[in-house]
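In this document, chain identifiers A, B and C correspond to the written order of the chains, with residue numbering beginning at 1 in each.
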Amino acid sequence: MKHLIEPLDFTTEEYEEIFRLVDNIIANPGDYSHVCDNKLLASLFFEPSTRTRLSFETAMLRLGGQVIGFSDAGVSSSTKGETLLDTIRVIENYADICAMRHPKEGAALMASKAVKTMPIINAGDGGHFHPTQTLADLITIRHYKKSFDNLTVGLCGDLKFGRTIHSLVRALNRYKNVKFIFISPEELKMPDPFKNFIDEENYTETRDLVSVIDDLDVLYMSRVQKERFVSSDEYERLKDYYILTEEKLKNAKEDMIILHPLPRVNEIAPEVDKDPRAVYFEQTKFGMYGRMALIMKLLEATK
Amino acid sequence: MKHLIEPLDFTTEEYEEIFRLVDNIIANPGDYSHVCDNKLLASLFFEPSTRTRLSFETAMLRLGGQVIGFSDAGVSSSTKGETLLDTIRVIENYADICAMRHPKEGAALMASKAVKTMPIINAGDGGHFHPTQTLADLITIRHYKKSFDNLTVGLCGDLKFGRTIHSLVRALNRYKNVKFIFISPEELKMPDPFKNFIDEENYTETRDLVSVIDDLDVLYMSRVQKERFVSSDEYERLKDYYILTEEKLKNAKEDMIILHPLPRVNEIAPEVDKDPRAVYFEQTKFGMYGRMALIMKLLEATK
Amino acid sequence: MKHLIEPLDFTTEEYEEIFRLVDNIIANPGDYSHVCDNKLLASLFFEPSTRTRLSFETAMLRLGGQVIGFSDAGVSSSTKGETLLDTIRVIENYADICAMRHPKEGAALMASKAVKTMPIINAGDGGHFHPTQTLADLITIRHYKKSFDNLTVGLCGDLKFGRTIHSLVRALNRYKNVKFIFISPEELKMPDPFKNFIDEENYTETRDLVSVIDDLDVLYMSRVQKERFVSSDEYERLKDYYILTEEKLKNAKEDMIILHPLPRVNEIAPEVDKDPRAVYFEQTKFGMYGRMALIMKLLEATK
């Protein structure tokens, strides 16, 4: 039995298998509408995340499976003092597979060690990992760029707290000759531990998006998340620092793609939505297809 | 692609088509239990409304479709500052059709302009429109009265804030020779803009229910909604003004029908529930059938 | 039409019928995956109880049925002042069967009197009854002990407020020669009305678990529920009084079984989980199978 707790739990070969399955699902969705008949997904959101939750639930329903769960710790037994592990052991008696989000780092890993028959998918554990976001990002890039090799990828905004950024960089760094450009204010720079994974010649850092935008094949924008800041003054000062506009896109390549994990607040101006390079809404669709393929893989479901 | 944002978005011919479909569904529900197989309803309730939400979800499930969604804005991404339009654009990548309730007037209309492939059903936008309530009302009246022409319809209670009343009046006014009697305290009278749609000889106003009850074919009671009042003193003073009792029904026609959008608080005494003229619980069943027919129409699903 | 409001609503013959159905479901689950096709369960939780709610929803989904509902009174119409009976009468127009939890004692009974076509299952009404927990307990004991006759059953912890304990005792007392040992601190003793149902020679009371543990065939541990205490000092003083450890289990029979209604807080040490006598997680699985059989029985569904 396999779990997905962090993005690097899967080899590049395993990702490739998922990418091919996604291609097949997109080409022939009808072939997959019963592959998880009689299977049950537990969708356990100990903190709310509507987009991710609905993506998982859609994925399971579109495979013919069913869903139980909760969207909020407030309605879970944790309010009666039960431990996470007890909750998971009970849920294992109900469900075949489990997607869980939890505010505590390491929660999904702990859960995966308590179960015997139910694969766990980490749908976000605090500021730690969010591997199905990385999966959505990778599928989107591969869809438009065909290969990851030799890409130049700009990551812009909050590189300090943005867990999706950290995971994506580590996942992309396994491919050949991927160059990273880290674009952020001084206060939100990519932390050293994440840079240390990358060969020095493969990344550069800058504060200025416009000066590097013409080099990029992929521009990954990120939200400056209020909840990650200790001081709200600091948040107010930094949140508008990097707002992507049509003006700033003037020198970008025609086939550059713009990604964003969503929700966005104002870091991408609405005018950009109509730009053909803006693929952040398509990205959520690829995320849903990726979760379909992932559920199939972990349940060993085949058509 | 068609949406249902306000009751008059559908012509009387389109309503007639829905009424006939409802008749067929009631006669042969088994024929419709798979017409929406592999279809997904997004049930997005940015403010709670259990009755309406469960009616939509029942409708979709009874057609063989599936449901994703939320029942409360508290668990939606809007708490992270995302705009409604971004939420809708993401949901469009998951679902085939969307029923949404939102506290802001115009929210459903805005949403309908942002989507390309997903029909939007307005399940209530603030004090504005609630077209599937109107649909339930019309189906109920037609079921018992066979035709809308020549009916005398009394509307009683809160005619100032009651959006379901406003919509029903506008919808009924499209039929031949419908007479309206508006029954309310001075403070809660039908507002002029809604009266202006009606020919002057087709409506009268009164404060006294009992004096007109023998004229009515349909009596539509309404709840005095606390949440629509600025002052809670004013609410307390007016809420018991028109309470329907068996005593007050003494002179009503034998085949008059009593409707109410529910929930009621105390504006209809429980003793009235057993009166054969009381059809407000049946009305919720017709509402569910109406939503089945509506979903089929908007998805162009056929048996 | 039959409801399940309190554990003794079913005769021992009816329980036996459910036990046999559970055996068949466990042996051939695939035979039951469509017996409730096109049936809808309303899962109405006016107070949260994730475990019980998900157990019911899993049960219905694994029978091929579908589920509507809410997990929290906050999102129900009751906030608009609607009575429970009106809510139930509306839900009856949507669903085929209803599981409801409500903080008020007698709520499920009241609901069962208001409906005409929809069986009601009491999923807990305040400190009163929780018959499907009793069902889970009975199925678990029968699974491991084959028969209830001649068992010695220890009930330990909060015997004063523990409704599951009261119900289980009344249900077991209908079998032949069942002996009860009530193990609790003075303050949380089994109340007289419940002892009065039992022949005097069939129960004893003690404060000391260890001194009686070697007599037991079944040890039923219970949670000291904070929400049942008026004073939180009193709760703090008593909650750790009876904690089950491996040390205390030293003299227990090899085939004794340990049950617990869950959630536990700390009344069973985690080390006990690995003991083969600990069956409290299996108990939740039997609860789910019991709910499958119960739904089938009340809907008169057959394979």
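Heads up, the rule we're going with is that a contact is a pair of C-beta atoms (placed from the backbone, for glycine too) under 8 Å apart; a residue touches a chain by one contact, two chains touch by 3 or more.
Note that the coordinates shown come from a computational prediction; the quantities given were computed from them, not determined experimentally.
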Fit subunit B to subunit C (C-alpha, same chain sequence): the rotation, rounded to steps of 5 degrees, is 120
Same residues or different residues: which describes how subunit A and subunit B meet, taking over half shared numbers as same?
-> different
If you average the Cα atoms of subunit A and of subunit B to get two centres, how far apart are those centres in Å?
-> 40
When you check subunit A against every other chain, which residues touch at least two of them?
-> none
Okay, in this complex, where on subunit B does subunit C touch?
-> 30, 33, 48-51, 54-55, 57-58, 61-62, 71-72, 223, 225-226, 262-265, 281-282, 284-285, 288
Note: in the complex, subunit A contacts subunit C through residues 38, 40, 42, 66, 68-70, 74-77, 79-82, 86-87, 89-91, 93-95
